[in-house]
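Presented sequentially are two complexes of subunit A, the first with subunit B as partner and the second with subunit C.
This part shows the complex of A and B:
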């Protein structure tokens, strides 16, 4: 039940002791934070080595980002956050990078999960990751002026965007090798993503995924905003996981403020989070069936998604559950009549989903397409730090609801479905099982719904305090980190979604499959573009 | 009279082809518990496309411009000698079974070439897939109809239809049923339907027929789409009137033609229901399984031909 490599994961204290022993010359303990977040300062030169050791001791990378602290400290600060599985603890490695020499040794060779994160740090903060195996720009597309780094605090939007291209796709050469460029504009209504296949005949040799076509600069936009408008920005990072974003952001603000939402609000947060998972997973099942042209199953899946979304609307006033979760609690209550209605609706939904899954898995033509397509092995999945249902489909039973319980989950009894095949069919089954488990969770929550208020009093984090919100979104681990500014504002905000962690895995899963199977494999992950193009 | 009939039969095929296509889509929608578009939606689509501007790639040559017209022309030509209501076609001199297969092949080659014209990836990818599948589908189509042609002693489509219709129980022979099964598989593949192709997909990487017309727009696209519905109609009419020619008129009398019309539309509707049911209950094959599917069609047609010669009394 961990997301780490073979050695048994060690609790945070043990890791800290080992760090002090092995890196006595390097690791300097920073001032102790709250129990959940232990910070360790490391000189930049040793960062890669220490990060590799932490990974070996059972840490799995949550996120990595850079902060601009040139005013007043004269340096940038890098942060690598590791989840210390089995214990609800987070270990943060910190490094100061001198402003006059904006280079840092890349930890990607030791911790491959940092791959995209470090490329993003290069684009966003202008710090160069030396020794990074693939230092091409990730978000900075053609036309981005050099020296334009949106997360630096002295960033001013440039007027002139006509600069030469800096990105090149990796050329693949050989007899009979073709390059197939797909997107960013597609024949259907899909978000923009460019996929560059190198193929021999129909067989895929290599896939280069390029996102960032509609990078919006949300993290820059939220800087200095008061909490309520910043929450609106965070919630709009993505449509399909709007509630998870609001929840993670609220969790981060609450941690920084040192408050806890009241019990009834926590229970309703779990309930809404599971509703979001249900409608997402129903849509995913429909999408997988649609891509293999199993029309009846796809239509039924889409109907179930609609039923779930209409329930969200009827209960909480928004199909995507926007505006429900705020720092300090939730804005809407669920009265007895609505609870009974929801329970009856979910009982029907449970039967319908069972029937849909039974019909699809009994259909040989469908299963022939799903089984063996897009296999992702547990080794690359662990290396890349794959999260959520995609990880649980290849035997990695990591779940934030278990590892870092939030909302009502500490009080709930639930299963985490795991499959081991790692193919499209395994991802289909994991999602189907998770729908059933989500319905169980909602049933339990309704039975044990605590009374009391929905909101705490004012939630104003003291200036300079930071907080981390971790949520198991429908696609997996979602993290929001904030640092509070003066007068209840957000000074810095960093977000990393499950899609950001999982996109590199799609490029691995599609290898040695045939080109026309790519849409199916892609759909079985169903990753979000907007969550990445933040 | 014969001139009128020579016009009536192809006119019916051409005019009702979009309706047939729309009907299959409507039945599919019903099976998925959707209301779906009305059965005449295809006419509205064609009218809309005809009104729109046609844009061609600057890299495209005259071939891209000519292809839609030639493709529609070839499809119309085939429609003239296919027996629709009557077992004696006044246009039999113009073409027979071999000519039909040849014109369908011409359409395929032209479409594949035109798909390469714009120089985009999807056109080329779809064209290569299309040609690979055509190489397997074509022999199966020829062999299965040859089985009937041998019985009739002619490659004239109308005469084949008459000879099958004249022997009421001939369709019960194993060779006939095997040939029908082979023909059905080929028709599904040729008209771009599940499990070979998905006419409803928006995923460029999986496309075959849709991929070849992806770079066409406006009037040109309308012509190609219309031609595709006509070809689909012709192929299903061949299934209905060569393999199950029940109710077809032997003489051009009013009553017989009326019965033939009802029988023909009834059979097509039945075909439409079977296609829609099949598309709803099964999934698309992985591309590399399609050759097995068409290989099965070829094998069935070969078995049909062999059993026909074995069982035929000397």
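This part shows the complex of A and C:
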């Protein structure tokens, strides 16, 4: 793992100059991109070296994916997108991989955040990441027929559709080592995933997380669909972050089409995004308290989540805000009376959250469980590219609303709460503080709500144009990338959610904790499975 | 402790009162109403008494949902709906269940898990599909990695459509399941 992590990001021009100087022999071509995007073509053999350098200069990996361009170019194309946070820039490293030899040198040893992404590229595109430290399949369960790579353009679904799940696990051996398999079906109303603990006594020695159970083939399904049905898919990739997904997808389509949503729509997008954060975080506080058997607090947290969701329903017609955000704007307005009502409701919610947090943190039995459990240090968090509240709980203050401002955030004045302990208690506090900050943001938005229309004219991106939408979802950085096809269709769509970035960190955070604390630690991250499996 | 008691007294009962009521002069955003939770719940209680004596236990199986349906199932247990007071609860093992609640299209990866869970549930049992995905594949229809509804894997007794169905709608659907 490279150690150069704490350096502040350098301005993009400087990075480009350094790239050319340092890799003069590597035929690096920088192509000016739109607005804030810079594309750099790198020969595949040098990819990992260059990626390591970009990371050292302060780039953090947003996502990586492969495109099938065998027709007509005869190669696959790999893309690694880095956020250069200091100046709202995205640096994309691109490499062509010859169709006849579908290998590429893995970037993971240099940029560990690419770990799961490259495993997924292997499954979805059939390219092989040589030198990857753990090249097992990620989404593809071992029963998949050979040559089944759903994101290839010539993919034909296999005739034999029964895929009994069989996995290879890394065995852990030694005296007194036990293996505890858990899942995929869990004892509660929870999503499916398989966890395999290796433990000595009560302590966790290793945790192997196998997801992919909910794989619905969404990126393949969306191919060739018109924008409206594709949006419906994007918005259903995840239930609890539905609005963030709709927003990131709309952002990507708008960028490809070269349009901006009108000011009032942008403001309402920020407002709805914060409502989504509020109900998610209230639910998370409840979940953490439930897992330490603090029933009063859990019930209150669930009640607050319900209050926020009923408000979403009353104002926008959906408890998960589906159907509100579309490319070009939003579909519903808030009149003055409803704005006043929302402000009064949030003022009460603010006090209730304060009381809940005060009661919980004053309770020694609760704090005894939260403090010191599931500690994630800043170093592994940076290496793994952890995002969102989980990163901010271990001192990494990255927030997309700051780094790549969208919607109404450039006009707003807000704090990004950060803690340093990296344990369950820090994640609890960050989320509690973020609820208060979200209420601030909504108050400010309502005070400055611009007038005007809610939607721009038809948004139709020209064929071949691509766009990237970045959003700070309740769980952190969410990216949607699209390339437009003919007649207002979506030709390619790639999505990466915050949970995808954070899952590997859960496996690190539980190490040396006792097995019975796993549910609590897991809940404090509260990652989603659906948007990871897709 | 005293603080909690005082707090509860001040807050009063929240169950079944609208958690976020709009004032009367503001119409809520259009939606169809399933009826007040209290009435649905009481009807549910008497059906449960008739059929099971005391209580009905549900086992949830997620077969590839987006997590939206899960969130609404969890909401059934929050202090606002609190369905447990009508004799209904979710259990950890299919062995204890009277009914399976299934969400998701199902995803092919979870077919075997669903089948095994169903086999582990004592007969007679009800299978209730919750959400558009579980009812018919929903927006996933056409994907090579999912089915067109739970009934393609295990027999379904009742469907509760919606994306996701609101907690009231799920309650009404459960009532329908018991009256069948």
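FYI, the second predicted complex is superposed on the first by the 520 of 534 C-alpha atoms of A that agree within 3 Å, B and C clash if a C-alpha of one lies under 4 Å from a C-alpha of the other, contacts with A are read in each partner's own complex, and residues count from 1 in each chain.
Here, a contact is a pair of C-beta atoms (placed from the backbone, for glycine too) under 8 Å apart; a residue touches a chain by one contact, two chains touch by 3 or more.
Quantities reported herein were computed from a predicted structural model and do not represent experimental measurements.
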Give one of first, second, both or neither to describe whether A:147 is in contact with subunit B, with subunit C, with both, or with none.
-> neither
Check the residue A:311 against both partner chains and state whether it touches subunit B (first), subunit C (second), both, or neither.
-> second
Tell me which partner A:366 touches in the superposition: subunit B (first), subunit C (second), both or neither.
-> first
Regarding the shared-chain residue A:452, is it in contact with subunit B (first), subunit C (second), both, or neither?
-> neither
Determine, for the superposed model, which of the two partners subunit B and subunit C contacts more residues of subunit A.
-> C
Should A:180 be classified as contacting the first partner (subunit B), the second (subunit C), both, or neither?
-> first
Pick one for A:299: touches subunit B only (first), subunit C only (second), both, or neither.
-> both
Of the partners subunit B and subunit C, which touch A:338 in the superposed model: first, second, both, neither?
-> second
Looking at the overlay, what does A:202 touch: subunit B (first), subunit C (second), both, or neither?
-> first
Check whether A:514 is in contact with subunit B, with subunit C, with both or with neither, and answer first, second, both or neither.
-> first
Enumerate the residues of subunit A that count as touching subunit B in its complex and touching subunit C in the other.
-> 187-189, 296, 299-300, 303
Contact residues on subunit B for subunit A in the complex?
-> 28, 31-34, 121, 125, 194-195, 198, 200-206, 214, 279-289
Contacts from subunit C onto subunit A in the complex sit at residues 3-4, 7, 14, 18-20, 22-23, 25-26, 28-31, 60-75, 77-80, 90, 92-93, 104-105, 107-113, 117, 138-140, 142-146, 163-164, 166
Residue positions on subunit A within touch of subunit C in the complex are 141, 150, 157, 161-165, 184-185, 187-192, 212-218, 220-221, 229, 232-233, 236-240, 242, 283, 296, 299-300, 302-303, 305-311, 313-320, 322, 332, 337-338, 341, 345, 355, 359, 528-531, 533
Residue set of subunit A touching subunit B in the complex reads 180-182, 186-189, 202, 289, 291-296, 298-300, 303, 363, 365-366, 368-369, 373, 514-519
